[in-house]
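This report concerns only the one structure given below.
Letters A, B, C and D name the chains as they come in the text, with residue numbers starting at 1 for each one.
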Amino acid sequence: MAIIIDENTRVVVQGLTGREGRFHALRNREYGTKVVAGVTPGKGGTDVEGIPVFDTMVDAVEGTGANASIIFVPARFAGDAVYEAADSGVGVIVCITEGVPAHDEARFVNYVRRAYPDTVLIGPNCPGLISPGKSNIGIMPGEITLPGGPVGLVSRSGTLTYQAVHELTQRGIGQTTCVGIGGDPVPGTGFIDCLSRFEADPDTRACVMIGEIGGSDEETAAAFIASEMTKPVVAYVAGVTAPPGKKMGHAGAIVSGSKGTAAAKIEALEKAGCRVGRNPSEIGELMAEVLKSI
Amino acid sequence: MAIIIDENTRVVVQGLTGREGRFHALRNREYGTKVVAGVTPGKGGTDVEGIPVFDTMVDAVEGTGANASIIFVPARFAGDAVYEAADSGVGVIVCITEGVPAHDEARFVNYVRRAYPDTVLIGPNCPGLISPGKSNIGIMPGEITLPGGPVGLVSRSGTLTYQAVHELTQRGIGQTTCVGIGGDPVPGTGFIDCLSRFEADPDTRACVMIGEIGGSDEETAAAFIASEMTKPVVAYVAGVTAPPGKKMGHAGAIVSGSKGTAAAKIEALEKAGCRVGRNPSEIGELMAEVLKSI
Amino acid sequence: MDLFEYQGKQLLARFGVPVSPGEAVDTVDDAVAAAGRLDFPVVVKAQVQVGGRGKAGGIKLANSTDEVRQHASNILGMDIKGHVVRTVWIEKASDIAEEYYASFTLDRAAKKHLGMVSAKGGVDIEQVAEEDPAAIARVHIDPLVGIEDYHARQLVFGAKLNPTARSGAIAVLKSLYRAFVELDADLVEVNPLILRPDGSVHALDAKVSLDDNAAYRHPEFEALRNISALDPREQAARERGLNYIGLDGEVGIIGNGAGLVMSTLDVVNQAGGKAANFLDVGGGAGAKTIANALEVITGDPKVRSVLINIFGGITRCDLVAQGILDGFSTIDVHVPVVVRLDGTSAEEGRALLAANPRDGLVPAATMLEAASRAVELAAEGAGVSPGDTSGGAGKSSGTNGQGA
Amino acid sequence: MDLFEYQGKQLLARFGVPVSPGEAVDTVDDAVAAAGRLDFPVVVKAQVQVGGRGKAGGIKLANSTDEVRQHASNILGMDIKGHVVRTVWIEKASDIAEEYYASFTLDRAAKKHLGMVSAKGGVDIEQVAEEDPAAIARVHIDPLVGIEDYHARQLVFGAKLNPTARSGAIAVLKSLYRAFVELDADLVEVNPLILRPDGSVHALDAKVSLDDNAAYRHPEFEALRNISALDPREQAARERGLNYIGLDGEVGIIGNGAGLVMSTLDVVNQAGGKAANFLDVGGGAGAKTIANALEVITGDPKVRSVLINIFGGITRCDLVAQGILDGFSTIDVHVPVVVRLDGTSAEEGRALLAANPRDGLVPAATMLEAASRAVELAAEGAGVSPGDTSGGAGKSSGTNGQGA
């Protein structure tokens, strides 16, 4: 099993006819993902390498039975695309787009959570997610993953996620699902959403959680791990040497007050019983140890 | 038993120090309602006939353990009062205020439904509700009701509700709860919300539903009655002779298209198996017959 | 509050909805002068708040000053379904390639805003809704979110508008929605919304209905209120702050609460009579309000009897009784007044009336009895028996027998 | 983007937040002239984006032209915690009865807007938060609903502000919130918000941080960007569209993705070195971007070695390799460059580098090996061994041994 997406996931690509949308949609399809439709207003009726294009999400969902969407539209149209996806009834929305204004994000994330409590919004500003061997929705390189579990991975970072997956795969440790939740101020899906799904997933035996400086999501997740998780969690937090108070590319990565430093996060996670790696390589090493012990 | 409110309901009065708020709060308290607090910004620390006044709803709820509120503030402040009540955590909000702009109403009703799915908002522009012998929250004359059931009553109209309750009481038929949902375009609570609660309430054996021209709420309720209600429903619809397309005081009472006429509503209710009275008196007569037959 | 086309267009234009230049005028001379400032051809359009103006001859194209004069003379003063035309709107004529329909209103059932667009515009949209519902694209908009581009796209693509019209229609829809929300409108409707040969999208008509409850935050509403269009009885009632609608019957009605008043109308009808009006004194009416109501009702020459039906909640029946007595003292009450009081302070009210009998003041114990008596008295006043009143639906029914 | 006090105040004033009249000036003469236009007493305030200006002597009251001249001379050019004062704000002085704190920001955990008010203003609010958290009233605002009066009331009553200040503070809070939302601000903060003896409430300072992601819909943002305040390296990077932050070390860093770059900084630190910068080329960087990044990094005189750490996702490693080779061809790469490529097209990229060897171009197989090599090479360039670099945290650690 896997969480959120699997072989039954049928994806619409919002912005399929754009450069990035087309590139990643075809790459996802090549991986085995069921990419069933695209949406580009005004291009309904055409196709991209056999993928039919519709004018609206409603048409795409009606026409193809899609149950997920991935968004590649420019930042100024991302909010519109998320609302459209949510209202079309798909259960999973993956918003890759980066640079979305935080106020827009705060609005549409609250809208989706409230109006469609069962819909999973991942991102914005995220690499997407992959259930190895089943479905890859996003921009992660599928070839670095290893199907079959037993590790579920959740990460606020993009390329650091690849690095971590790579470390696992190189040691022969497979993954159930790897979720890049993105580092924006108001991610649609957080650590806890994913950890609780991993906890409930019978094929996931252990988790990797990758955080970074800024906010207090790692601390909150640590509290959840301590009280709710029976499965072991290996963690890593980037930004130990980042200068405080400077933005490091992610809007989210601002050290705020006493919480938010990498040191505080590592401490909280260790207190919650996590093994915390000092660098990405140690994620793989620690996970290998953990798996031997359970 | 009763629905929505009972002897454990503890009410805050928003706008207690105003003329209407004071009059009805004292009247409700005299009836036996637990009126535990009032809210008037800037008058915190004072009291109205022994009812303590607070500056904010949060203070009132913290200070008195209130779990319901009734709103008597002027129309332009009603939205603010509803949001404040909802955020304060009370589970029942009764908004008596009439003249609330429809666009405000549409926003706060959606907010309460989404953000607090378990909170019951009654009104605006409604007479409130009464569980005879237990609690009276609103402006209904408690003395016309008869405690002990077995009838649950729900009505879009104000004084017509009194008339209907009066007809029941005069025939010795008691009520579990009488809810005046109000005739505004976007009522917080509708017929179906109340009917489904009556269906689940063991002490309610039959229902009275009072509708009027405009909208399609009666038709939708008829479909619900046909498919979900096991308890008999006696109905009445006002406005058979109302000229089509004219506003009859209630913003809601606009005949719109083929639906919305009293004739269409009566037909739908009769098809759904309801006995429909031709005038308020017949509500009492029909209910007496119905109760004999079950 | 329903606006005239010209008022609606001027409001919509503020929000960026493209409308034609024009002028609203009340006289033929002003119509000719306005046409001269606009360039021919122009359209002369009757300003009445009722559909079917075109079929009734209330919309005419004019290619010359003579034609403007001729059409304006015909249309001003014209009676369209009971509405007398007092104003015409002279507008620059538009070339029309296609006609669409567009509107925003509130969907009570869904508790959301509802946008509707159809490629079948320029006709009776209710007929389209019945005969070909699929021809109307509908989209719900969450009032807390407001319109996003995709809502407009879904309407435009869903209605299969001409691709040429798409971007123009999307822009108009966004402006129209903004007007709907910011004006606190119950309805904004453009029918027809036209595609012009040059590809632009343009509002050729406008129906805007404003929410009176929001008037306090729109000082501009007051100027839009067209007092002259009101029934003189409605005008008198408005001046006294009463919620009144004039009807055609002979039994004047005063009640508290819209539902109870509507029900009273129905019961009067069942008793073989016909109501002269709807008058809701609202909650908490005092003596002064009741006396005012009595004054407005008895001022209506068609009224042969008055039925006062009060069920007290906030309203105190003793104050109502006092108001009735005050009315009898200060105004000429020349028709019988049947009074039914129940609820808050009813006993005190009834006692007050009993202690102060007046000619023509008839107490009644129940709503049905009151209706029967009022219908009987109206018929007596008119010199006919209840069953004969032309307004009655012929259902004099058994309710008559239920009187005290 | 963080604004200076004077920029923030001017923006907040647009939304109705009351601020004192004032002028921003760059020279002592202009300061004197501005004070002359304002009326004494005035306050001379250093414009730097760092707290603790007052304690550092950057805020002074002046009662005369002489005093303005003296204070402006002292403050202009002053170094406050590494920030050189280039601008002073001359403002009419205010009488202060009480000092409060007010702000709006986004609470990431709650996914809502957070308003905070304290009666303990004018001091370090983070200290108040730690020592007396109850002294800060907090209220969450749903972003889809926005501020309602009760939010403001809850803040004002919750913080137990002086009753005299209530209505003024409520008005300021509503304006401040509107500014927060309409400006697309990450933060609006007024500390102190003052109560004046006349009962009015007034913003005596302003900290506004704008969301760069929203710049596309705020053309005015560009004018507020203070280029001169930037590190010259950051300026060069900005001109090339690179996400760069200057640091103090000797190992230049280029990576893709903020998380990976931060992790690279950490690993360099663990290897006993210190990063000279943070540079994220972002997703999908092509050869040109990589060459540009190399140019910016090697232009930094402190840099002794460069570490390029790429894990390809959207980014293709073959294009990165090409960009590195292009950089070596077009610019003077005078320091060793360690390159680690993994992910999309990594084999092609590595092959390309292997086929085109360059002096000082050092391939590495893993991130840890790359970090160790870069630290070693930087130390060699500086003539010291890794353990000696003063910047290193002394943790040269076992990671060195993990190299290829």
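The working rule: a contact is a pair of C-beta atoms (placed from the backbone, for glycine too) under 8 Å apart; a residue touches a chain by one contact, two chains touch by 3 or more.
Note that the coordinates shown come from a computational prediction; the quantities given were computed from them, not determined experimentally.
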Per Cα centroids, the chain farthest from subunit D: C
Between the pairs A-C and B-C, the one where more C-beta pairs touch: B-C
Gap in Å, rounded to a whole number, between the CA centres of subunit C and subunit A: 54
Distance from the mean Cα position of subunit B to that of subunit A, given in whole angstrom: 46
Centroid distance [mean C-alpha coordinates] between subunit D and subunit A, Å: 27
Multi-partner residues of subunit D (at least 2 other chains): 142, 144-145
Subunit A: positions in contact with at least two other chains: 107, 111, 115
Chain-level touch network, classified as line, ring, star, complete or other: complete
Subunit B-facing residues of subunit A, complex: 114-115
Residues of subunit D that touch subunit A when the two form their complex: 106, 108-109, 111-113, 126, 129-130, 142-144, 181, 184, 186, 211, 213-214, 216-217, 243, 245, 247, 255-263, 265-270, 275, 278, 280, 282-284, 311-315, 342-344, 366-368, 393, 399, 402
Partner subunit B, residues of subunit D touching it in the complex: 142, 144-145, 148-150, 153-154, 157-158, 163, 166
Touching residues (chain side subunit A, partner subunit D) in the complex: 20, 23-24, 75-76, 98-104, 106-107, 109-111, 113, 127, 139-141, 144, 155-163, 166, 183, 185-186, 210, 212-213, 215-217, 220, 236, 238-243, 246-253, 257-258, 262, 278-281
Of all residues in subunit B, those that touch subunit D in their complex: 41-42, 44, 55-59, 77, 79-81, 83-84, 87, 107, 111, 115
